[in-house]
Structures are given as structure tokens and as C-alpha cells.
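Comments concern the structure below.
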Amino acid sequence: MIDTTRSLTQEPLLLADLSSPETRDLLPRIDLVLVPVGAHEQHGPNIAVSTDTISADALCRAAAGLVGPAVAVAPAIPWGVSWHHLRFAGTISLRQSTLIAVLEDIVGSLYAHGMRRFLVVNGHGGNNAAITTAIEQIKQDTGVPLIASVFGYALIAEQAKRLLPTEAIGHGGGDEAALVMAVEPHRAKPSAFTAPQPTGRQVETAALLRAYGGSLARRYDEVTHNGATGDATSATPEVGQQILDGASRRLAEIIEVMLREADAAEETHQAGSD
Amino acid sequence: MIDTTRSLTQEPLLLADLSSPETRDLLPRIDLVLVPVGAHEQHGPNIAVSTDTISADALCRAAAGLVGPAVAVAPAIPWGVSWHHLRFAGTISLRQSTLIAVLEDIVGSLYAHGMRRFLVVNGHGGNNAAITTAIEQIKQDTGVPLIASVFGYALIAEQAKRLLPTEAIGHGGGDEAALVMAVEPHRAKPSAFTAPQPTGRQVETAALLRAYGGSLARRYDEVTHNGATGDATSATPEVGQQILDGASRRLAEIIEVMLREADAAEETHQAGSD
Amino acid sequence: MIDTTRSLTQEPLLLADLSSPETRDLLPRIDLVLVPVGAHEQHGPNIAVSTDTISADALCRAAAGLVGPAVAVAPAIPWGVSWHHLRFAGTISLRQSTLIAVLEDIVGSLYAHGMRRFLVVNGHGGNNAAITTAIEQIKQDTGVPLIASVFGYALIAEQAKRLLPTEAIGHGGGDEAALVMAVEPHRAKPSAFTAPQPTGRQVETAALLRAYGGSLARRYDEVTHNGATGDATSATPEVGQQILDGASRRLAEIIEVMLREADAAEETHQAGSD
Amino acid sequence: MIDTTRSLTQEPLLLADLSSPETRDLLPRIDLVLVPVGAHEQHGPNIAVSTDTISADALCRAAAGLVGPAVAVAPAIPWGVSWHHLRFAGTISLRQSTLIAVLEDIVGSLYAHGMRRFLVVNGHGGNNAAITTAIEQIKQDTGVPLIASVFGYALIAEQAKRLLPTEAIGHGGGDEAALVMAVEPHRAKPSAFTAPQPTGRQVETAALLRAYGGSLARRYDEVTHNGATGDATSATPEVGQQILDGASRRLAEIIEVMLREADAAEETHQAGSD
Amino acid sequence: MIDTTRSLTQEPLLLADLSSPETRDLLPRIDLVLVPVGAHEQHGPNIAVSTDTISADALCRAAAGLVGPAVAVAPAIPWGVSWHHLRFAGTISLRQSTLIAVLEDIVGSLYAHGMRRFLVVNGHGGNNAAITTAIEQIKQDTGVPLIASVFGYALIAEQAKRLLPTEAIGHGGGDEAALVMAVEPHRAKPSAFTAPQPTGRQVETAALLRAYGGSLARRYDEVTHNGATGDATSATPEVGQQILDGASRRLAEIIEVMLREADAAEETHQAGSD
Amino acid sequence: MIDTTRSLTQEPLLLADLSSPETRDLLPRIDLVLVPVGAHEQHGPNIAVSTDTISADALCRAAAGLVGPAVAVAPAIPWGVSWHHLRFAGTISLRQSTLIAVLEDIVGSLYAHGMRRFLVVNGHGGNNAAITTAIEQIKQDTGVPLIASVFGYALIAEQAKRLLPTEAIGHGGGDEAALVMAVEPHRAKPSAFTAPQPTGRQVETAALLRAYGGSLARRYDEVTHNGATGDATSATPEVGQQILDGASRRLAEIIEVMLREADAAEETHQAGSD
């Protein structure tokens, strides 16, 4: 069990840092590859379009640093499915099919080298359906023993709810702004921090459908006038660091459970085939 | 507001019942089209492979009957994304891309005739990612004012939790078996009703990832030996009817909210463009 | 040889009625799967848009009932390729690629369970090219011993020509209307029964190309003003039942020939590899 | 009306002969483009793999020569859908999707230049489904006033039946061999002319399904041992020329009907929009 | 080593000339298949749209004649990727994906028959990216020992630079016009021979990007007013024949090197696996 | 004209640094977007798999810094088409279709915001065909005034040839190693620097085909045993910085030419439409 109270972490193992022979030699000791998926998408006036890439990548690096070199981090996918934000300047959106293809290619390549356990860490809600589709497709095609996803923002929001006022939580809100201030300060825009401007439209519909496992397809300009749904004014870098520390500890714990149960499942499987 | 206490409902408006001129004449009065999506997938020994199609279709018909002829029901899609069940005999699975294409074609055709509001009612969890992808794609391509999805099983489980023991709830369990007994009795197999045979593998991993908005890609034979995760032995047709009545009332309420808020959004939009 | 004079048939074996273990146990005895393909397409004022689905499904069920439980029926595909009818309200059209994908997925799934003989029974002429493409693709990809298609409407028209005046035969005409009256009476609209309103355009061209194995791509509003090419006014449910009985007997005879010759071909093949 | 008794024809107008400015200047006078589609597929020992390309191209050139320069000929597509012949050496097969794409690109390009009437002349039965799919797709996408197909071999067989014994008619048989002898003599192999070697398998099944508008998906080695179903021994170049003359006269007549009815349809259409 | 000084060549081995049994018997002696890829694309007023098909095919036939029957020639692909010429009448353009699919199908079919070495001879620069993509995809999918491409026009231009003034070299210029005059004289238009009409736009940009391995995506009407960039007025059939002779000798030499090195690589490979 | 002698550059304008309103406000002043494309691919023992991403991104940033804020830099695409390196551990490869889709989505999104000039700066030769295909497709689909590509490694090699011995130039060689040492020192592995281990196979073939505009499809293990073709032992960070400075100055000059000629072309175009 990792000691999640320690504040100092190791340097994370980044695949991009390695030469090919180094990768080859480390392969037997890599138990899991984290694949961060971000977005290049408007977050209102408060923070840069790279926010979700920053948060997914930072979570992966911090968690990998906590768990140690059995967990490697792939290069972050720096855009996601953001068609609903395209009316706000600067947003780059992949089609769902493109993101699925990118994930298939990344995981398929690493699988070809012998890696067998993958966790996609997703920084942007709009990517969820494409990621689920991709990992199911990869599982079906390759039979890979472990492929899974986690929504990194859920980890972040869990921490933020304890540290920030309720109205801070949301797209482009204080939770995300604080994290950006801590990790890439020049991509936060504190002089522009402001409250969200929700349109108030279809609020109950969206909540009901979400509560019953569904969703309402909406462009974001139907949701908010300034592109944000959270209030960034309470964000500070200190809170951002606390959010990141807490969320990455939680992610490290999840990883520990994943690896332990995956080991057990493989033992069962091997015993069953004796 | 509909009176959701009444027990008798009207006959639902089914698109398949209409001739072309009848459809043309009714078009101005159709406020919403429900599109049921099912599955043709093993549900253990307890119930037929058509269970999820039965439940999605029954929910749509009952809710449409409650709300009245402003809500029409499209023919049910009788299969879904069930690759993870293919090792159990009888399962038919669409690829995700196929289900997405089918939904695009159905909604695209109806949109061409002038219909503008759509709710996909999904009977099978494995379809969720494809349905989300499809409705977002349709929204992006057509700008349709309202397209959304709801997970019908979430409506059913909500009712079942009040009427059946906890262990009855689950795939192929008492909740689904009861509903099939009520709607298509010859597709329930009471003489085979039995308890589930979970493998116990990766239980905590799956729960953690789900709690944080992610998922674990698994074949169902990695989850349960007999294909079920719920205990069907407590199912009765009476409970099934109660589940269907309660769930369809809830769905009718959600539809009322959707239509009311959609009307309001369109008024706002028109006012805004004056 | 089946006794095609008997008027009473058994209940057909429907895949949708079975649980997974029931399917598994029946698999060794299922010699052929019928896959009905319909349409959701305007048929003029006379009959509902579901006409071709009704006829394909009814033919399959009746023929399967005649031949017995060695022939199973898959769930009907409730839409087809109907782009040429989209200017008439109510029509839902799949792209050709979608219908091909659906057929690949259905047959591919059943093939994975060990089924080896398939007959697609098509209720709608517009589906023919996509179905031919699909079954050739499936043959090429899987090497399945028997995959074939038959145009159900050709079986129906053969009977109708003996029972109805010539002008009754055609799209939305008395042949189809009679069958709908017999099978799903509420989907026939006798009060609207009327004669067709052909445009008279390109009649000779279409006939010549058809005679020489080709076709003329036309929207149906280029062919007929009211969407029908047959006269429905002579339709009665009694004639409809006679059409269905005769056509399903003929289909049962075809199935007998298919199975007998397929058995012989497999014996030859096995003898050849000794 | 063309004088179909004349034996001398003009040089056909070939698009490949023209420079771009020549094409531009001729465009207003081109009423129809013929698109020959062939195959590169085994025809038994009797004739070259290019047989169907030769026949489709020869038919188009001869018919265009008869009708005159209002009819242009596109370059022949020198392969087709021949997956079922791939076990015989030399066969090149396009996937159905490839042939559809090629046709879409050819017709789409010519449509962009203002051409509005197209007839695909198909030399190979295995192409029929893909060609039908393609022309329907093109009609749907562009609304092109006239797009159609004809099966050239049906025109050839009609003539051959009057000139050759019944057993000569068939794949790689005397009808095709005679035509090749007349048009490209070095691609006929008279020293190898022989009778077909049918397997005798599934003969009744195939005939029945064909009679009822369906088909049986088969590899050609399931049909014939030496790749032919017709007897080439009676073929002569003189008969080949007679076949070609008769078939191209018939094609010219069909083209005349097409153009006359298309003119009438456009007049009706214009009158209707006045 | 072939004697490239001889002026008379053998008849080239064309796959289209062979029957299936002839192909089967020759297969062990075919060391290489040449696949000519052309275009159907405007070349200004000087020459026909089929110019690039003519040149690719002529090069392949001549080189195959020089090397002898170990080198076979596949039917030429008579169109290419010419979207940038579509504003000039007569151009037919394949999408890149279509050309890739055609190449995959041709080579895939021949590979299935046992052929193992392929050289795509490309007559049109616009095809280069699609051809490179296709041959890499084929290599990756099949592991075929030798698949490569050469730009036939580079071979032609090398010769032309020695025989014609500099301004003659270019699209639709004297180099191509001379070759067409030699090979298919009726497709050259000497009465229309003229100088090019370059727009002068982005000349330095295009040259710089090309010098550094890149490219500028341009429609050809942005490059030249009359569709040509070379001056055709100096073209003669004699020069055309000299160009063809020289270029095909050079191609034959390249083929010799390819085959010799491929033999050596296979020996090394076999030695390595002993 | 920029002063390419100055050694200090401005901070480059990175799209990822901007919030949405900042992007909106800067849009009118952004004349060009650079899109760096890299690879995640083995480079022998000498340098990390991220080498090509490092070099493409560094070139773009340095050149953008030289030209000033009229040139913005998009996030680097951190992988490319590297199927031929997949037998060396660590390589991640996109399919060509995936890279094309990613480029279409990135440029398509930015085009939707009003950006109109794009230069793809490619760090990896294996990407060239896909990038050419993508920019031509984008040009065809959108008519974007300026879209082009440049091969960054050609810029680097030009400098390196003046600063390093000939044998240093090549894949994973001293040129690339020096640049990585200068930009991301921890991704160079000087203790492992070594000479390449070429196989010597098909050297003349590859050179000849390249000289004539073609290519030879090869896996990289057919080319070199240790994954490198250049000798890294002469690399130093100082040389790397000189290479980067020289190459980015050259890139800045090219950009200046592009923008100047694009301005001129637009003026001509506007004058033409007056």
C-alpha cells in the first residue's frame, strides 16, 4: 500500500523521456500506462483553452509519481471532443471518430510492445462517450486484460467541494482556475476572473436526464453566455495545489486497487486454466 | 401538467401505424418523438434475449399513452451494443458505429419531415456511449432544437428498489424479469429463475471507476458465470406491472419538463432574434 | 418433404423468445435462420409505413411454422433503404452502408454462436442491392456455408396475380393492402383505399433497363403522385390470408430445396476432403 | 430515330481523346455519358481475364458510334467486384465499397462540369449490386436528372441465344469468347477452348432464389471446376461480330428511348414549375 | 544486366492478355508486377486529358519489354487525384481514399495469387501522396517483400531536359506533348500548341516549400490561366520517341537494381533464419 | 523584412496559452498558424522517442518568436505515422487516416474561427504523405486561401551539414541528438551515443527511387539494426543550438515569403473580382 500521506513524490516515468532501448528494458516492470486526454476548449474568460489538458496531465504525473515507476505516463492528447464549444473562439474539436482512432492507435501500439494494462485519465466531460467507445472497442479487438477510464474532473471536483464555495464548482470555475494557477500559472487570467453567466435554459431537463443516466445534447452557448458555469473569483494557487494533491492521491489509491484486483484476476484465470 | 395518478392510458401514437398522408397531417401536432433502443442480449437463464427491447418499447408506449398524442413512438431498435455478451449464446451485437449510423438515419429522416424534438429511450447500458455520440453528432450536424437520451433501466431500477429485495436488482434480475412477466409473459422463464453467479472479480475497481465517471471494459463472462447479476426468484407479473406503471409515470413527468423548458427556450430564442 | 397442403402451422421458433441457455441448447438443431428485412416507407394513402416489415416478418413466421423448429426467425429489421421515398412524409430511410452494417452485425453475431445457414427475406425492393452486397461480403469474410436472399414481394406478387386484377399489383396496391388487412388490420386504411396516380414519366426507359438487368435511379415522386403504383380498392383480408398462405408455402418449399442441396453440398465437400 | 440498319458507324466520342478546351466546347452538345464497367476476372481457360472490360467497352463504343456525338464514352473501369473468383489465378477484385467510390468520383467529376445524364454499362454480373448502390447514392446526393445502369451481358446473351447452341451461353462460354475473338483476338485462346465443368451443386437453389429476386452468395469454385459455365468450342469471330452488332444496336435503341423520355420529363418538369 | 542499348524490345507481358490458367502457369516466373497509375486531367489546350495514363502505361510497357517476361504489367489505373484541376473542363478526379482503395485491392488480389514484388509507376504528381500512403499500408498489412513507387514523369523530364528547351518542361508542356505525339498521336492537338499562361502567384513560396520537402496546396487555376505550365510548341513525335526510349531504359535499369537487391535481401534473410 | 541576424527572439504566441476571449481579440491580427507535427518513435539508443515532436515544436516556437505575434503556434501533434518503426520498443504510430483526421479537425476548427493561413511544420518524414493528403483535402473542402507544409528536418539537416561530419546526419544521428541536447537535455542519452548499424540492404534501390520521386516501403529494421542511420557521437548542445537558430531563421524567412506572396495573391484576386 502506498503511503498517501507523504507530500513529496518521485519523478513520474514519462514514456516520452525514454529512448527505445530504455523502453525495452523497462517494459517488464511497467504495470500500467496512464493515457491523459485533454481538450483545447474555451473555459470562459478565466483560464486558457488548454485547461483540461493541463489537469489530466498533471493528475497523471502526480499519481504516477506517488505510485512509482511501475506506472508510466503516455504523452497527453492535447485536444478532445468539443464541438459544443466551437461557437466560442479558440476551441479546437476532434470528431468523436478521430479521438477514438487516436486512442486505438496509441493503445494498439503500446499493446504491440507488450504493455497490458491501461487507464485513460480524462480531463474533459465531452470526451467520455468517445473514450468509453474506444476502450470497449480495444478490449473487444485485443482482449487486453485491463483497460479502463476515469474522469479526472470528478476527482478534482471532489476535492474542490471541500475547499471552495459551491458556486465556484463548474466549467471554467474556481476549481479548474485554481488548479491551472498551481500548475501553469501563466495560463490562468486572474485579472479576468469573473462569475459565470448561465442562460438558465433547460436546467431541469438536463438535471433530470443526467439523474436517469441520459444526457441533453446542447451547444455551450445554449448553457452560458460567457462560456463558464463556475465562479473563478475564489481561486488561488494554494487551493489549486491542495486540489491536485488530494485528487492525485485518490487516483493513486484507485490505481492501487486496480493493480491488486487485476493481479488477483490473472491468478484466478491462470489457476482456472491449469 | 399531466395527471400521473390516472391508471388508464390512451393508446400511444405509433409511427408504424400511420400511412404517409396520416403522418403528414399529424406532423404539426407531434411535439416529440420517442426512439426506443433495446438489445438482443443474454440475460442469464431467467428471461429472453429481447428483454431490453421489451422494456424500452414498453416504457415508451406507456409514457406516450400518458402524455397523449403530442408524443409519437418510433419503431424500437431491436438490438444494441452487446459485444461483451457475445460469449453467451444468442446475443446479437451491433458495432458502436452501426448503432450510431442507425440512429443518425432514423432521426435524420424524421428531421427531414419536420420533426424537431427527439428523446432516445435506452433499455441497455451498453448502448449509452453510442447513443450519446449519436445525439451529439446529430445536434452538431442538424442543429435540431432538442435531442436527448434517458436510460430506461435507471427508471425501472428506481421503482424496483422500492418493490423488490436488493439482491433482485441487476442484469437479468428480478426487476427485469418482473417487467417481462408483465409485458411479454412467454419471454420470462420462471421455471429457470435463479440467483446470479458473480465471479467476484474486479468488483472494487469497477465501483471506484464508476463513482469517478469512468468505466472498466469487461466481457460479461468476467463478471458473472451464469450471465446474470440480479436474483430473479422474487419476480412476479404484478410487481412488473407496478414497476412499469411507476417508471412510465416518471418518464411522462420528465417529458413534460422537457417540452415545457423547450417551449420556453424557443420563446427566448425568438425574442432574442427580434 | 413438407406437406404444404396442411393449413395449420406450428408456432415458429423466434430467436427473440429464447433465453441464452435455451438458445445454446437448441443450436445443434437449428438448420437455418431467416432474417426478415422490412422498410418504414410511404405506401400511398392505403396502408401504413410499416407494410414491408409486416410482410417480410409474416412470411418468415409462416414459413418457419410450416417447416418446423429447424428454422428460426431473427427479429425483423424494421427499416430499409428508402431514400427515394423521403419526399413523402413518414418515410425513414437507412443509408445503404447502414443496412449492410446491420446485416453484417446480425449474421456475424449468430455465426459466432455456430449458426451456419442464413436466408435474408426482403420485403422491400429498394433493399435488394444492399442485401446482395451484405451477403456477398459476409460470405467473403466468414466463408459461411450458406447465405442467400429472396425477395418476399416476388412471392407475394406471384400469388396476388392469381387472386386480384392486374391493376391491383404494385407499390401500395391491393396485393400489399390485402396482406396488411390479414396480418395487422389496424395498419390498413380501407376508407382511404384508392387508385394509384402514376406520373407516366420514363415508363419505357425503366422497363427496358429492368429487362436488361439494369435500373433507373428515381425518386418515387418522379413515378407516382400519391405514392402508390397499385390499386388498393380490391383488397380484402380474405385475399390477404390466401396470399400469405400461398407465398409462405412457396417459401417453405424453397427452404426445403435449400437445405436439401446444402446438405448434399456438404457431403460432397467432406467426401472430397477425405 | 437512328437508322439501326446501317452497318457503318461513326467514330465514337471518347472523353479520353479530348483536351480540356475541346471538352468545354463540346459540353453543351453532350446529352449522355456512357460509363463502361468491366472486370479483371478468370473466365476459364477460354478467354483472357479482361473479357468483361472488353465487352463493356466495345458495346459502349459501338452504341455511341451509332447514336452519334451526343453520346460520349468515359474510360472503362478495368476491374470489378470479383471476390468470388479470387481462388482462380489472375483475378483482381475491387471491394464493393471501392467500386462505389470510383463511380461516385467519376460521375461526380463529370457532374461538376455540367454533364447531367449517365448510363453505366456493366460487363460483369458481380458488379450489379455495387452499381445499383452507386447510382442511387449519386441520384440522392446530386439530384442528377438521369442516372441508370444496364447489364451489357444481358444484351450480348440475347443475341448469342439466336446464334449459338444453348450450352455455349454462360460465363467464359461461346458468347463471350466469340465477342473477344471479334474485338481483341489475341485475348481469346481457341486452342484451349473447352466445355465447362460445372459442379452441379445447389443448382435448383440458385435458380429458385434468382426467380424470386434473390441470390445465393457463392464462390465460383463452388459452381464450376474449370471456371466456366458456358461451352466455348462453338465460338467464331464472325459470330462475335454479329453479337456485338446486334447488342450495340439494341443498346442504341435503349439510349434513344432514354433520351426521348428524359427530354419529355424535363419539359413536364419545366411546365410544372411555370 | 540487360543490354539497354538495343533498340528493339520484346512484347511486354500484360496481365490483361492472359487467361486464368495461363496466369497460374506463369506465376512462378513473374518476378515483378508494374502497376501504372495515370490521370484523367486537363493538360491545357495541347494534349488530351488522358496524357498521364498514356505516359505511365507506355513507360511500363516499354520497360517490361526491355527487361523481359519476368516483369508483368497490370492494367493502368486511368484516373488519379486531380481535385486541383476540377475547375478545368473534362478533369475526372478520384478522392485520395479512392485511389488508395483501388491500389490496395489490385495489389491485394495479386498478392493473394502469390505475387510478391510490385512497383507502382505513377504518371501524375498529384497521385504521389496517395500512392505512398497505399504502398506503406500494403507493406504494413501484408508484409509483402517488395513494394515501391517511382514517379514516371521524373524519368520523362530527365530525358526531356536534354532534348527540349527549358521552357518546354512542365505540365502540358512539350515534354508530355512529344510523348503523346509518339504514342497516341490523335490525343495530341498540335494545332492548339501554345505557350503556358502562368499566373505568377506564390512562385517563390511553392519553390521554397518544395525545396524543404513540403508543398503548397493549390488549385491549378491559381497557378496557370490556360492549364499548362510548359510550352508545347517545340514538341515533335521524334523527340517523344526519344524521351520514351530513354526513360524506359532508365526504368529498366532501376528495375534491374530493385530485383538484384531484393534477391540479395531475401538471401540474407534466409541465411539469417537458418 | 525581419532582421534574421538578431539572436534574441520574442516569446512566441501559443494558442494553448490563450483564453477564449483573448483568442477572439487577437484573431484579426493572426496572419498564420503554425501546426507542428511530431512523432513518438524510436531513434536508436541516442535520443528519446519524442525527438521529432521536440524538433517540430522548437522550430515553430523559435520561428514564431522571430516573426512576431502575427504568427501563432498550435499545440504540437505528439505522434505521427511510424508503423515502420513498430518493431522497435516504445514507438507509437498513428494510422495515416488518423493523422489526416487530426489535421482536418485542428485546421477545420481554427478555420471556423476565421483563421485563414496555415503552415504544417513536420518533424518526421513518415508523416509527409499523410500531411500532403490532409492539406490538399482541407484546401478542397474549405477553399482556405493558404495551407502548406514544410519538412522541418530538411531545415535542420541543411544546418547540420555545415556543422557536423557527414556521417552524423541521419535518423537518430548527431543532427537530431544535438538539437535534443539543446532543447530538452534530459531526453538525450549521451552515455549511449553510438554509430548507426545499417543493414546495407536495398540501398541503391531506395536511393534511385527517391531520386525519381518515388519511395520504397520498408520497415526500419530492414534498414538498420540499432534503429539509427546517423552517428550521434559528435553531438553537442552548442551545435544543437546553432542548428536550431539557423533552421528557425530559415523558417522565419520562408514564412515571410509566404505571407508576402499570399498578400499579393489576395490583392490580385480582389482586383480581379472588381
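Remarks
Letters A, B, C, D, E and F name the chains as they come in the text, with residue numbers starting at 1 for each one.
One rule holds for everything that comes next: a contact is a pair of C-beta atoms (placed from the backbone, for glycine too) under 8 Å apart; a residue touches a chain by one contact, two chains touch by 3 or more.
Computed from a predicted model, the values in this text were never measured in an experiment.
Between chain C and chain F, the least number of touching-chain steps is 3. Think of each touching pair as a link: the shortest run of links from chain B to chain E has 3 of them.
Taking the mean of C-alpha positions as each chain's centre, the chain lying farthest from the centre of chain A is D. Here the repeat of A-F among A-B, B-C or C-D is B-C, since over half of its contact pairs match by residue number. Distance from the chain E centre to the chain F centre is 29 Å, each centre being the mean of its Cα atoms. Centres computed as Cα averages put chain A at a distance of 49 Å from chain C. Among the residues of chain E, none is in touch with two or more other chains. Chain contact topology: the protein chains form a single closed ring, every chain touching exactly two others. Against chain F, the residues of chain A that register as touching in their complex are 15-24, 27, 40, 42-50, 53, 74-76, 78-79, 86, 88-95, 97-98, 101-102, 105-106, 109-110, 112-113, 186-187, 189, 192, 227.
By the touch criterion given at the top, residues 81, 83-84, 96, 120, 122, 125-126, 128-130, 132-133, 135-140, 146-151, 153-155, 158, 199, 201-205, 208-209, 211-219, 222, 254, 257-258, 261-262, 264-265, 268 of chain E touch chain F in their complex.
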